[in-house]
């Protein structure tokens, strides 16, 4: 099983995934997934737990072998799933962001004005300057998230990958991170691909959606993909797409459906999920 | 026929007094270690077990200085150390390992001091060796009832806290929600571990007692699915390793190079290690069989 | 006696530098297990009549890599415990073969400060320099993988390689420090002072420096105390190591409560501001 993973010089097409299939412990987790993103686009990778989101991200990163082709136009910045950082770690936010520049190089980084400036700029871009000197382990979940985003951005990547960045965040932090990501995408012309199991927080900023169910993906603009027919076909059994107050609910089909319905949809968003957005 | 028997059981094996005591005491200790060890491994406390074993060295050397039976020293200091470890108690596994290491370092430092005093006060450097590496063939028959008593105490602790222990090994929060006194259960388990390793310190030595605690249990957990079965298997494997170790050590009396037998603690540890290695592929094979059984009934998305 | 001070200082520098990452990576048990396993190598070496330092080095390496290999296949803590005990068992076996080894056992296990000969200085210095150089070279990858292994993996640093390299460094470091502090207590130097350093210092470079300073201070105090009282140096290393750790915990706790107070203050301020909106 070999992935053709091609990294080209920076280009407008930041990511191209063609016919990627992946296996984990003998099970096919991804089946012929294809989509692409351009710089400046924000794309949501939506699916329930176990749908294959993290697997797909790892394939793109080159950490997991798969079949198919992955083409990346530039470098990748990666923000992994939230890890509770050790409060005793002797690493400041500024240090962690600096490691984003050269974390794989040998030796101790020599103090350099240019490095300090780049770090400052990255922290400013994510609104994290005020806790640059604090221990990373002492920051709140949302603050740590920003620092990790700055860490990923400092190398000026073409593609920013985030694995479930909104999980475990309170609603205010969630909204802040989402608007931050949209701002970064347009200001720095970075392609942003983030995974989530609830698409509602991302609806205002998503250009496209990659919807994963049972290892297969449907991609395209949100209005085209998130429809009853498309998703029912993807899931292999009937689901209803209900739009309420500008939010989307994907609900499992009625009781008289065909046998073999094994994946009840889990995307029922809570009814009181924050304020309405214009 | 008798030739074969003699090949396996060197002459005089069953009639030999120390051998009989070794089999009895060693067997008891192995069973207790295996059972308690199953919980130690389940809770990821192999290091704590090892630390407690080493700290019991402090107890052993201290009791030698004080002139009391080493068993009391082992157990007393071991239980004390267990309490200290829980007191320092840190929740995160990394922090917990660090704290364990520190306690071990301090405890062993104390042991070094005691051994030094013991060595200067009475010239017998052999004590160090026997404390550290065990003296299965020189256990006195009077110690056996003590071993039985302490072993029974350890088993009683584990038996009484069986269900809370299992539940809190899976998830501390889950257990707390069900009204389990998670902290108390943890301390109880540590105390049981301390007793178990102190007992095996007598037979195979403080330094090596972790083998009987961790090895058979880890092997059993790989192979058995049900907790009761795992515990029983751990005890059985430990017993087998100990008895076989005693046998081999007895048989090795005339082996090169020294002509006074290879140490029994070496055989026991080596056997435990082999058992553990053998369990690895067995565990993987079992997992694959289980997964194949699951997939037979799973459904895949239509077309 | 000068040999003792020199070797002791080198050992402390190495322990402080490597120990910082032992603490950050939560590898206390491994760092503990490797030198004990090395004891078997020393016993074997003395049997064969080879230099004990060489036996130590080979056994530490074998133990460290064995732990790494077994740890990838099963539970890490069990693998460490069993590899350790197996090697100790071998050590016991070798010991039983040679009867004239008994008094040296204690020295090897608990440290023999006065037993360091001038001839030992050069190999220890070279080994120590190698360790420190390797640690400094791997500084950033080790740091990154201590924060989150995914971050390092995304940058092309395979976790298995970083781990193996780290284990080799630990093996080398413990072989260097073993003759001074003894097999059973090497690691006290490697976890006590560094634990304090990382709780006190905020920047990684500062933490490294402080770790080395505290470690050297601990070693000097232990050598001096051992020389004066004739008690084994391992005792002082163990006690002072625990002291460092304790001090570090106190600092961290004060920092935690101070920060909690600050956060409470900040949150109430934010609450007041937004309520007023």
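By written order: A, B and C. Residues from 1 in each chain.
In this section, a residue touches a chain if its C-beta (ideal position, glycine included) is under 8 Å from a C-beta of that chain, and two chains touch if they have at least 3 such contacts.
Remember, it's a predicted structure, so these values are computed and weren't measured experimentally.
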Report the pair of chains linked by the most C-beta pairs in contact. B-C
Based on Cα centres, what is the most central chain? C
Taking each chain's C-alpha mean as its centre, the one farthest from subunit A: B
Distance between chain centroids, defined by C-alpha means - subunit A, subunit C (Å): 38
From the mean C-alpha coordinate of subunit B to that of subunit C, what's the distance rounded to whole Å? 25
Gap in Å, rounded to a whole number, between the CA centres of subunit B and subunit A: 47
Of all residues in subunit A, which are in touch with two or more distinct other chains? 86, 88
Sites on subunit B at which at least two other chains make contact: 94
Taking the touch rule as given, give the residues of subunit C at its contact with subunit A in the complex, in rising order. 24, 136-141, 143-144, 146-148, 150-157, 197-199, 201-207, 252, 255-256, 259
Subunit C - residues contacting subunit B, complex: 23, 26, 28-29, 31-32, 36, 73-75, 77-78, 80-82, 84-86, 88-90, 92-93, 95-99, 102-103, 105-106, 109-111, 182, 184-185, 187-188, 191-192, 195, 231-232, 234-239, 241-242, 245
Touching residues of subunit B toward subunit C in the complex: what are they? 41, 44-47, 49-50, 54, 93-94, 97-110, 112-113, 115-116, 119, 125-126, 128-129, 132-133, 205, 207-208, 210-211, 214-215, 218, 222, 257-258, 260, 262-263, 265-266, 268-270, 272-273, 276, 280, 283
State the interface residues of subunit A toward subunit C in the complex, per the touch definition above. 61, 63, 76, 78, 80-81, 83, 85-92, 95-96, 99, 102-109, 133-136, 138, 148, 151
